[in-house]
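When the chains are written out, they are named A, B and C in that same order, and each has its own residue count from 1.
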Amino acid sequence: MTTRRITEHLPFGEKRDPRFFGQDILSVSQFDRDDLETIFAVAHEMYGIVERIGSFDLLKGKILTNLFYEPSTRTSSSFVAAIERLGGSVVQINNVTYSSVSKGETLEDTVRTMESYTDAIVLRHPEKGSAARAAAAAAKPVINAGDGPGEHPTQALLDAYTIREEMGTMDGLTVTMLGDLKYGRTVHSLAKLLTMYDVKINYVSPDILEMPESLVAEVDAAGIEQHATADLDEVLAATDILYVTRIQKERFEDPSEYDLVKDSYVITPETLSGAKERMAVMHPLPRVGEISTDVDSDPRAAYFRQMEYGMYVRMALLALVLGRA
Amino acid sequence: MTTRRITEHLPFGEKRDPRFFGQDILSVSQFDRDDLETIFAVAHEMYGIVERIGSFDLLKGKILTNLFYEPSTRTSSSFVAAIERLGGSVVQINNVTYSSVSKGETLEDTVRTMESYTDAIVLRHPEKGSAARAAAAAAKPVINAGDGPGEHPTQALLDAYTIREEMGTMDGLTVTMLGDLKYGRTVHSLAKLLTMYDVKINYVSPDILEMPESLVAEVDAAGIEQHATADLDEVLAATDILYVTRIQKERFEDPSEYDLVKDSYVITPETLSGAKERMAVMHPLPRVGEISTDVDSDPRAAYFRQMEYGMYVRMALLALVLGRA
Amino acid sequence: MTTRRITEHLPFGEKRDPRFFGQDILSVSQFDRDDLETIFAVAHEMYGIVERIGSFDLLKGKILTNLFYEPSTRTSSSFVAAIERLGGSVVQINNVTYSSVSKGETLEDTVRTMESYTDAIVLRHPEKGSAARAAAAAAKPVINAGDGPGEHPTQALLDAYTIREEMGTMDGLTVTMLGDLKYGRTVHSLAKLLTMYDVKINYVSPDILEMPESLVAEVDAAGIEQHATADLDEVLAATDILYVTRIQKERFEDPSEYDLVKDSYVITPETLSGAKERMAVMHPLPRVGEISTDVDSDPRAAYFRQMEYGMYVRMALLALVLGRA
């Protein structure tokens, strides 16, 4: 399937995939497994091209608005590098709150102004639903780069793509999610995406930070085997993907409770001694102690590669929505 | 005239118009009608090229300094997109006040430093006369993107160009300016530019926000027919261009006075039912209620197209001062 | 030597100088005279190319991270213009302290993230040693653009290159450093670089702002003739390069002491009447009164040319570390 797809859309620029061309990227739930395969196949091609030649002019002349109502340097930089590696350029707008573009102006008006200058808009905004509002106002593609408590679909896509690149496949894998599973937006989105594949999911967290029941039910409805525990050791040996997230002290009413659990959720070289030789440790970054820096040199430490894969996924999405893949 | 001019300077890059090459853009009063025709003709070509191919490499290798001492994301973004659509690039400098470039440094020194790196400078600065000071210090072109209570010539040019694109001509039109005509810099500059054409101008505003007498006298001296009223209905039916500006509550000593008038100056679909079928509603944006969003889908709503035309005018100015048109 | 070198590495892109390719630029002390000659020769070629054609595509497709933990618009802009004149592009990160990339994240993690997106990193950071830490974490080249009280090697290189361009050579020159020689990082670094050449150095400063003894000893050990005085007149007539720095009022415990000396260290046209006809006045900028603006039109006023030379030096460094010179 993937291979056929790659053949289909080569050479670049001669095919406009109607599932993506001119479309918005708002939520992981807009994609079926076939769509994901397309995105990952194009991302993989981007990977290969960047490895070989660094950049190419697939989107030369295209201009992206990077519209950030709240700071997210990592996501913003990743999109900037993505469009630049494709020969395009950027209009960067930071801290919109303090800028004249937003002086009492609605998000819709700002977006319509920016689409009159540029070819697509990446939007980061603190309000849930803001990306959908922007997309409704704009004729040009809007990519949701995080709408507060809503979604951050390109993060979920890069997480899934990382698993695929690291392990070669998704099917048959055991994915263990660790840390704050209650509030962590990334693990929620990833769990949803994984329902499209044949995986087993383990949840490892303190009691008070367990995966929300509604999400567990949703994953269960897709026939995915799930297992929850507070003890990583119970599931580590069978784990293919260990997805680590940060546990924030503020989540605990009683600070001493935090002190009790925190060390059980820190990954060290000792932790990994009980893990498979072929495994990938992921983290959305930034980390603050959840993974010891001593782990960085372990080949299983995949979190910096994960950042790089993120750029390839964003290159793929930009190429697809702009009709060049 | 326009047609001849277009022929004259094609192909791009083979002619350097001495009226523009290496010159500064500081004030609308530096242009005569012939200059305006040239700017609009080049802007119209830019429009056509962007419609067909998006971007092209007319200014490839040229670098623009976007030097903003106060925020103006709309103007800044428009210039960034303009130079990027011409294949050039940008050194963006925001919030100069907080940056080391300005630590006690004079505007002149900053400008001379930036011209040692780049090919032209767009300057936004809160002080009247700052653009002229910068231009005096710099050997390279300086474009005034607003010098406080001074001028904002590229805004005036884009307003005039919008009228020309929307109506095909300027001559014979009735232009109605609505709202705060006393403090609105955009309507003052536009009125000055319109004196070069055969138009009629209506002013619609509350008494306390009328067009300044000095400007009325200047426009009168050019033989332009003018009419002032507080009632839009009186002039709407004959209007070709309705230029709306915001009325700020703070302009009124007595808030209740504001409440009395504000609704008479809000454009709704009902308002437009009394207007010509071929008419253009303009607004410099941002708007805060002066034009109902229900108007946006009316073909006469020209304010977002106005933003787009602004980019073409800035592309034209950059090409002209850098000697490629 | 220089000539041979130029021949050796032409045409651009066919030779990767192993002394520079993939290397970090952390300190002036990492270079020997031969290295400097290479940098200056490549910078001189950049100068010639920019003079003739403005920009060229030597680093097309290369992306630079400009990572600024503290503002330095001049240095930042210089690097942006440098990579853009070489056809490359930038991911600009300002005010990292307030950005999510740094929320508790270590410098090392930020740097590893950014190198996963881009090809080289320019780092400005307030802590001494930060550039070396970043370079240890990164596989890709890191260029130190100032690490607080540490070094600012590209400033020292551009100062030395300015002398070379202005006078044609370094050897045989008398360099006079004026102002705050105690705290001025630029004069310290320049003095170190000059030990590789056959020069004489004069130090002119108030007693309390004299060149540190350790540095004088280091320069002496290299066999360089040095002379310290509080009186510029004593050495001006024999001076080829007059390097002026700012004296900050805050350095004086007693403000009246500052008032006593400050005027003796201001350069005016009268000052220059006692200087050689062929001489260069340099200043790292910004200046705040140390050099009268009346001096600007004197052909010996080299400080704005110095800014421009800085761009060529940075173009050279980028081309060298990225393996295209």
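What we mean here is this: a contact is a pair of C-beta atoms (placed from the backbone, for glycine too) under 8 Å apart; a residue touches a chain by one contact, two chains touch by 3 or more.
The model shown is predicted, which means the values in this text are computed figures rather than measured ones.
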Self-contact between copies chain A and chain B, residue sets same or different by half: different
Fitting chain A to chain C on CA atoms, where both chains share a sequence, rotation angle to nearest 5 degrees: 120
Approximate Å spacing (C-alpha centroids) for the pair chain A, chain B: 41
Shared interface positions of chain A, touching two or more other chains: 89, 92
Residues of chain B touching chain C in the complex: 60-63, 65, 89, 91-93, 96, 98-106, 108-109, 112-114, 116-119
Residues of chain C touching chain B in the complex: 53-56, 71-74, 77-78, 80-81, 84-85, 87, 89, 92, 285-288, 293, 304-305, 307-308, 311
